[in-house]
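Paired with chain B in one complex and with chain C in the other, chain A is shared by the two complexes that follow.
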Partner chain A sequence: MKAWRDPVALLAVPAVAYLLLLYALPLAWLLAKSIIGPGGLTVQPYLDFFADPFNWRVVWNTLSVAFWVTVACLLVGYPAAFALARAGAALQIAMLVAIILPLSVGVVVKAFAWQIVLRRDGVVSQILVALQVWDEPQRLLFSEAGLVLGAANIFLPFMILPIYSVVKLIDPRLLEAGATLGATPLYRFARIMVPLTLPGVVSGVAFVFSMSVSMYVVPSLLIGDRFQTLSTLTGRSFLFMRNEQLGSTTAVILLALAVSVVVASGWLARRLGSRT
Partner chain B sequence: MTPIERLARALMWIAATFTVVFLMTPLFVTVAVSFGSSSVFTLPPPDWSLRWYDRLTVTRGLWPSLLTSLQVAAFSTAVALALGTLCAIALVRGRFPGRDGIATFLISPLMLPGLVVGIAMLQGFKAAGLREAYASLLIAHVIITLPYVVRTVLAALSLFDFSLIDAARTLGCSYPAAILRVLVPALGPAFLTSGMFAFLASMDNYPISIFFTDAWTKTLPIQMLQYVEENPDPTIAAISSGLVLLAIVALIVGDRLVGLRKMADF
Partner chain C sequence: MSFLDVAGAEKSFGAATVLGGIDLGVAQGEFVSLLGPSGCGKTTLLRIIAGLLAPDHGAVKLDGQDITRLPPHRRDVGVVFQNYALFPHLTVAENVAFGLRARRRGASETREAVTRFLDLVHLSELADRSVRALSGGQQQRVAVARALAVRPKLLLLDEPFSALDRKLRETMQIDLRRLLRELGTTSVFVTHDQDEALTMSDRIAVMNRGAIEQLDTPEAIYRRPATAFALEFVGLSTRLAGKIVASQAGQVTVDTAFGRLLAPASFVVGAPVLLAVRPERIKVEPEGAYALKARLRDAVFQGSKVQLHFETPDGDQLMAETSDLPHGLPSPGSEMKLGWAVTDTLIYPAP
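Presenting the complex of A and B:
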């Protein structure tokens, strides 16, 4: 029997055909339309897009917010993943509930809640005044800091879970072996823990970064029209401005960004995998 | 314990506590506001009341949108379970080239920006002459739900021992009976978790659905965002609390059936 005549393969046909026809084909068409002008292949839309300093600002907004959200999630998520793997039963259950429950509640619900939390009389402002970080209540809503805080909250589980899935597999005896051989705690962390958890970190960072680059509901509720990202600009140009040319251009740039994050993280993960 | 180890332990504890409080904050705030009497989101609320829940019955467009969302989610999850399971069987049992590529392709809608996928589908459907919002929603949501099914069922199938089916056959089961009584129960937990997450993902989707709505057909997230933008009052918090309750039920069911730890598998 020839490999490609395997009858079991037929079971994959419906799903693959569905996706090819209704998902891959439209995406390819979107891509093709954006580079095929009236007179053949053209990159003119992209040249026009990048000739406008406002659009550079939009790209910068997108990347800087995604960067800060990823950094915030990594700073909280890395130790949290360790705590989740090493905690006693009660704390572990509390953490699992706190991670899984928000995942099952919609983004609109959470973004709306952050609108309330970030108000001038909101919880964050009250805490910061009580801690005497701020002299008087301030509004975080419609600021970049507020956007980063809200987005980090929504995407944090996608940082914790991949790191946790790696940490729980690490044999604790490795650290003991390191200690027996005279390694200091910091040295053990840097030379044993960090390299072993790196694959989880890579996939967590890739998840959070690509989700932050493409988020749409969160910025539209937490920061508004004043601050445009590639994603909000794409949405606006299709839904409100009826400027399909601009929308297709930004959509393809967004797609390219997302695909390069996925490809880069896959490559990194394979490299890390082959090293160990 | 050396000071550094103590420091590391303390850091872990702080991170754990902070994570729990931080992640639960939006849910607590939503529920608290929904039971408050104040219409300006004061926290803690000056007095408790159920008035926002009363308002739910007269909120225009809420129930039709909820119904649309439930129908679309149920239909797309069912189709995704059928297509996804068949495909997962082919990928695990088949010996044809490109299986890894196909798996990545089927999971890829999860990783691409929803807005871009939505725009591409909108233009594709338009070109194919499909203008009906409801049908478009059904078709589009299968692409949202399919990756969840493929990912989880694929993982479960790769742990399944297919010689069990041969054993059942040897013991006198017919082939369909062997599938029904051996394979399906073994995959039960995978069907349930993936079906649940697929359903919730469809219920929650905004960036793809927004392109397939018209004046009559709206899904719940789209209707909710419209309320938030038009007149934000705690009625939205009351709807949200309903969704939180749905999530809690899903979590309890999931815990009973497969356990919390398994649900956190990534």
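Presenting the complex of A and C:
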């Protein structure tokens, strides 16, 4: 039976209609805004955008912050997902609550909280001085490191949860089987756990990267105007500069970057996965 | 000194003692089954031998080396798991190659071993399939090939046939036994299925509540069960409760619901006992002397033989198997004479 004849497909109609009306249409309008000039179709806004070195800096800022946030979330989230999946029932519930509950606190509130944490006399600075990593208190607020630190905290659940849901389904006997076949713990991890958790890692990376590449409030509050990303630039173009063409151009570039990075990482992961 | 030597293995989980000081010796090339009901500790013992679980006390020696504290990947003990635990992200051939690659064997050696062992389990055509596309029986054979490809000193099998249907199970039991014999692999096999244990084993360890009740050849276990539990767990039998009324010269007289019966044993007069006879040792309607008369409750036709169940008081069981019924199937309710040799009588302290 063809898919479109299956009456079950009708169940998707409300969702498709909603997305079409409120997402696809505005998106198409946005794209159109960026390529339609006073004299018809044009790629001039894109040429203008890439002709300006400041804009290259903005693209670089966007990608590097998103990259480091994703790396930080992966490094912290991967082991956390294992701990969560292998914890006893009561501890698991407590951990899940601890991960999910902060999602109900608004991003703005969290970003303001991080402002306090990252100040010169904030907790992070105090700890690093106490550990003698730093000689004197320093301000992390309004620095890239501070932004990565704060953003990674906010997006961490979106890395942990997809990996957790994959780890939970992995039969622990697979590792035992690997051990009885003579595989060292490291070999078992690399050849059994990593390939089997790859789908979770790919979706976690896709979530965190696409959220951090497009975040607006967090950089506005943690680093300020002097550090522009594609989304803050988009916001400024629409809100302050009233330049709809620049705003729609940067928005389309941001979308294209995010989609291509997410698609490419998924493709890469599948290739690596099929080769092990 | 056995090839595999488990001495005084003890394991408790919290307050529950799962293994209470087990000793087990397995000779090189031998196939020993651990047979018992679920919860008897057989899988725990298997996991201790594999190194997947540490015993609270006791030692495990393999080929003269104390491996009690050795992690599983340095033991050279292969395991076929109950659910096979195949690597779902790898093909059939890659699953078989896993152990060889983990041990950093050369590429050509690995390829040869994979080809050979896939051939031995008749899966050569499926080498490049995903293991997820295989049937239960095929998965089981991949698991066996994977465990054997590294040529472990010892192979442990944890109920590897329990997920297969009966017919397939029987052919695979014979195939596996032949394969292990050809390779000379020392094996310990965990099962709760007595038929499986009787068919495959050189020796059987009958386990109950964390202890080995009897360790002997299948024939000895069937003919001379050492304990009432072994009698009950392996094979069918007539079981009559009774009390010793006389004892002399290695023979006792037992008072049962069916009168007085003789058994070769020494017991104190007055002791409560359980008297048992294997069903095929009982002669139905014998010429001359007989042991007792009983009323037939059921005659079950089983092809090559007929199973006769007789009416008994509660708790007792009286049954006979015969292939020789000259007058056809007797009808329920008829009274029949049963007899057996005194030497075929088994007797145990009442459980």
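Here is the rule we use: the second predicted complex is superposed on the first by the 235 of 276 C-alpha atoms of A that agree within 3 Å, B and C clash if a C-alpha of one lies under 4 Å from a C-alpha of the other, contacts with A are read in each partner's own complex, and residues count from 1 in each chain.
In this section, a contact is a pair of C-beta atoms (placed from the backbone, for glycine too) under 8 Å apart; a residue touches a chain by one contact, two chains touch by 3 or more.
The model shown is predicted, which means the values in this text are computed figures rather than measured ones.
*Asks:* Overlay done on chain A, so just call it for chain B and chain C: clash or fit.
*Replies:* fit
*Asks:* Give me the angle at the C-alpha centre of chain A between the C-alpha centres of chain B and chain C, rounded to the nearest 10 degrees.
*Replies:* So the C-alpha centres give an angle of 90 degrees.
*Asks:* After lining up the shared chain so the two structures overlap, which partner does A:187 touch, if you call chain B first and chain C second: first, second, both or neither?
*Replies:* Touch partner of A:187: chain C, not chain B.
*Asks:* Going by the contact rule set out at the top, does A:43 touch chain B (first), chain C (second), both, or neither?
*Replies:* neither
*Asks:* Check whether A:173 is in contact with chain B, with chain C, with both or with neither, and answer first, second, both or neither.
*Replies:* In the superposed model, A:173 contacts chain C only, not chain B.
*Asks:* Figure out whether A:264 sits in contact with chain B (first) or chain C (second), or with both, or with neither.
*Replies:* neither
*Asks:* According to the stated criteria, A:196 is in contact with first (chain B), second (chain C), both, or neither; which is it?
*Replies:* After superposition on chain A, A:196 lies in contact with chain C alone.
*Asks:* Decide which partner touches more residues of chain A, taking chain B and chain C as the two options.
*Replies:* B
*Asks:* Just chain B (first), just chain C (second), both, or neither: which does A:127 touch?
*Replies:* A:127: touches no partner chain.
*Asks:* In the superposition on the shared chain, how near does any CA atom of chain B get to one of chain C? Answer in angstrom.
*Replies:* The answer for the closest chain B-chain C C-alpha pair is 6 Å.
*Asks:* For chain A, which residues belong to both interfaces, chain B and chain C?
*Replies:* 184-185
*Asks:* Quick check on the complex: what are the chain A residues that touch chain C?
*Replies:* 171, 173-174, 176-185, 187, 191-192, 195-196, 273, 276
*Asks:* In their complex, what parts of chain A are in touch with chain B?
*Replies:* 3-4, 6, 8-12, 14-16, 18-19, 22-27, 29-30, 33, 76-80, 82-84, 86-87, 91, 93-102, 104-110, 112-117, 119, 121-123, 153, 156-157, 160-162, 164-165, 184-186, 189, 210, 213-214, 216-217, 220-221, 231, 234-235, 238-239, 247-248, 251-252, 254-255, 258-259, 262
*Asks:* Could you pull out which chain B residues touch chain A in their complex?
*Replies:* Listed in rising order, the residues of chain B that touch chain A are 2, 4-5, 8, 11-16, 18-20, 22-27, 29-30, 33, 41-43, 83-84, 86-87, 89-91, 93-97, 102, 105-106, 108-109, 111-117, 119-125, 127, 139-140, 142-143, 146, 150, 196-197, 200, 203-204, 206-207, 210-211, 221, 224-225, 228, 232, 236-237, 240, 243-244, 246-248, 250-251, 254, 260-261, 263-266.
*Asks:* Per the contact definition, I'd like the list of chain C residues that touch chain A in the complex.
*Replies:* Residue list for chain C touching chain A: 50-52, 71-79, 81, 83, 85-90, 98-99, 101-103, 146-147, 150, 156.
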